[in-house]
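See below for the structure under consideration.
Labels for the chains are A, B, C and D, by order of writing; each one numbers its residues from 1.
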């Protein structure tokens, strides 16, 4: 893993997930997310409908030079890539296709009605995630109803969960404090809670950590080990996870970034190496 | 880069062919301004039937024309008329009074409430306007309930209003479907957000660089279909390009009034005269008249 | 009445009602309304917060030349007078002071909280009005649930009624078909209905006809004859009204436009005589 | 004309004197951009107490600063931090974990829902986001009820959130209180609509004619008070004028972290160093640093 950083790998891995028909709104881990989406527009998804930034900044970089990868989700320079800018509240009723419908999906040239009005994919951060994919940004429970650790806050993940097709939960470390049997507070509901509440949104598709990717058993809706990152063993993951690690039939290994992918990332999106450090 | 961005500009014939009988079609603009008339005429010319028409908050006679041409099964409109030129649309009166069209009684914000609920993926929008009026009795989609916090006040639950198509006039659009109004936006953005598909009628297709010059002025992003139709708003005004053609509107009022009073012949002739393909229609107006409607830009950027 | 038209008189009379602290949103009878409000800004209410037109066009003409009185509420030329233009739906949550609060009211330099979020004054049209001030724009009831006369539609009067301080109901003719015991359908609720439903909006302050102005008894909330227009007798009004005409203690007479008022109207707002015809 | 239009420009001292202890104050901007920092510092300098602070949907450390300076009794904020520079505000953690501030747990759209209800005079705004999470348990103002149309889904009734003041940074404003953002508007317009009074902090007061050049770009109409404060957004970016001062922000993060860890002295010195009147504050930053933050205009009109 010496010739690329974890952030670079994550940008590439997530970029592969993006389809040309997607609409995507920016979420946690701004710089990785921006890199992944811009890379997708420049490589295989030129029609990706992309909202970056806190003001419904609809960006299109397919044919636009990106001198430096934006580092914050709010910067003025994002307007450089914009075809349309709105008010942040409009992200909940405006971004992408009107009402956030499918686009060129299901074999028809025109999108069908669906209820993924927010976006197709969204990055979610967390201080805890549990086996159901419930994610916690609120805090760790202490005594007397106080919090022993105050988290950053839920931002808009609860709002987004109602109408986003798939979320990707990102944890920046993999240990038993973060991956727990049951979260102290729920910011982002897991698949089970989403289904119980009849959300249109499907809840988390993956939980991504520096060690591995969990997906969810379609029947039990519980997390299961889906893929490991290069060099990580299943035992290592089991030893560092706070819930019983179930595994998919076949646990795969994440394909490292190819030379072509890294070149595209570094030459077209991240010229100054924001993700390399 | 193996793939390129998809351009969505179509001929008016190809575009309107995408609209199917029985669909719900919302028509943008407001009053005497910014109605997508070329597309409205093409809808009539191609004989669409049984449409549910969603009007703007203050529709003009574009809705009256669709009704009089027999395209409309159901109407959702807070108002149909042309202010001082015609306080109430004549075909609207004729078809409403005879029961030939179904009307879902609504209002400006009940309409927007439905758009908002659709655009934001909610089950309904809660709104008080309409409580204490006859509207809930005349529109069974509205459900009255009691404020769950204060427990006393009556509230209306307005269900999502999700047209199959929003048809919106813009000043200019790029080939990818990013459009900008050059003047008032009225309720067009909300209408577009609610619909499953957006078709814009644009005065002009312009390069993407024109749109990027000021992306804050972009009003419709990612339209599914763009139709270029210069003077496509006639006889109504298109903000930034031309004003309304009062003579033409008054002639419409006269012919539609005749129809309401039973003189089908005058009305049929009116339709025959003006329901033509777009450039043939403009010929019936005449280039001198069209050019006389010029308005100079008030805002530019 | 030969030296001014009814429309001119109405513009002047309504202009007198406007206070410098008001916020007003345009309503029915565009040309009268525009003239009255622009006249107010130019004479005694330079701080009038004024929304004209169907797109939250916030207009200020105090120091601006008005070559021709706008005739429609939607025209492009209104932008000439605008300091701010928004989307029409924003009229229900944006126009004027944020949330539509008082402004320089109640002795304080800063406005107090109140619930007249829509506007202070609004013009309402109607095909019928009854003694409660209920107004009908929907239609006249016919047989089998059909309408014998289909009205123009309620536009937004029902929405506005919830949060406008005072409405002014305008009828363009005064007869027993229009002024009725009870309207066939309610578009704009009268004071009694507004109070029963706990609206913040006070309902109609006046019903204005070509013959007279009705106000409302503060106890019974019923209409009563408040003022007659020049040359109209109380008997004439009683003979042409479809409900029993009660009268205020003292029925006044509307003061005709003064020479100065007419001059200001004609020289500053309606140079081309839109209201004269 | 006997009367003239009222100009609303005030000195920062006179403006902030209007804010009273115990009031509810909303602070605009988003992330590292467009926060009204000169006014925030004046609030601290004049020792306001017991404020209920309403943050933007993604607050930066301006909220953390107010907390650390002891001005805040209650906080309504979906997030307090500075993205990669500081994932969670240190004073926010310190005061929240010790119970020294009350927190009404909320989220981006629950915040906007409250703003919307206030601005539109409704009793509540109906919204599904938050159902199935811990937020309703941690914010008793939210009332769960059942969809009155479909009868199955759970909905939250969000009551009006009506700050006494919305304090908003704009690029420029005229003397009458018409302001324009030169870049992103974030949630500022919704915040302003909901508040009883608007105070704008403007980089520059400009003539009314500048505003009228493109009235579609006006974002805040009719502010009650306008304060001119060039570089008033520092250490944050002001779109169209300057970018954020990363060194300064990192120094803040270091000092506030010290405070969280019990080193009051470092923190008190930080406050003493930087909480000064606006121009004295700018001197502490230094003109060379300020000028180095320049960003050229991307959009102009």
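FYI, a residue touches a chain if its C-beta (ideal position, glycine included) is under 8 Å from a C-beta of that chain, and two chains touch if they have at least 3 such contacts.
Quick caveat: nothing in here was measured; it's all calculated off a predicted structure.
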item: Higher-contact pair (C-beta pairs counted), A-D versus A-B; value: A-D
item: Geometric centre distance via CA averages, chain D-chain A, whole Å; value: 28
item: Centre-to-centre distance between chain D and chain C (centres being mean Cα positions), rounded to whole Å; value: 38
item: Inter-chain centre distance, chain B versus chain D - centres from mean C-alpha coordinates, in Å; value: 39
item: Two or more partner chains touched - positions in chain B; value: 116, 127-128, 153, 189, 215-216, 299
item: Per-residue overlap in chain A, given as positions that touch at least 2 other chains; value: 57, 79, 85, 92, 162
item: Touching pairs among all chains present in the structure; value: A-B, A-D, B-C, B-D, C-D
item: Residue numbers on chain B that touch chain D, as the complex places them; value: 122-128, 143, 145, 147-150, 153, 155, 157, 159, 213-217, 299, 301
item: Chain B - residues contacting chain A, complex; value: 1-6, 18, 116, 118-121, 162, 166, 174, 176, 178, 189, 192-198, 208, 211-212, 215-216, 218, 221-222, 224
item: Chain A partner contacts - residues on chain D that touch it in the complex; value: 30-33, 57-58, 77-81, 83-84, 87-89, 92-93, 96-99, 105-110, 112, 116, 127-135, 138, 152-154, 183-190, 237, 239-240, 243-244, 295, 298-299
item: Complex contact set, residues of chain C against chain B; value: 30-31, 53-55, 57, 71-80, 85-89, 92, 138-139, 142, 146-162, 185-189, 193-194, 196-199
item: Chain B-facing residues of chain A, complex; value: 20, 42-47, 49, 57-58, 60, 62-63, 79, 82-85, 92-94, 96-101, 103-104, 110-113, 115, 117-118, 162-163, 200
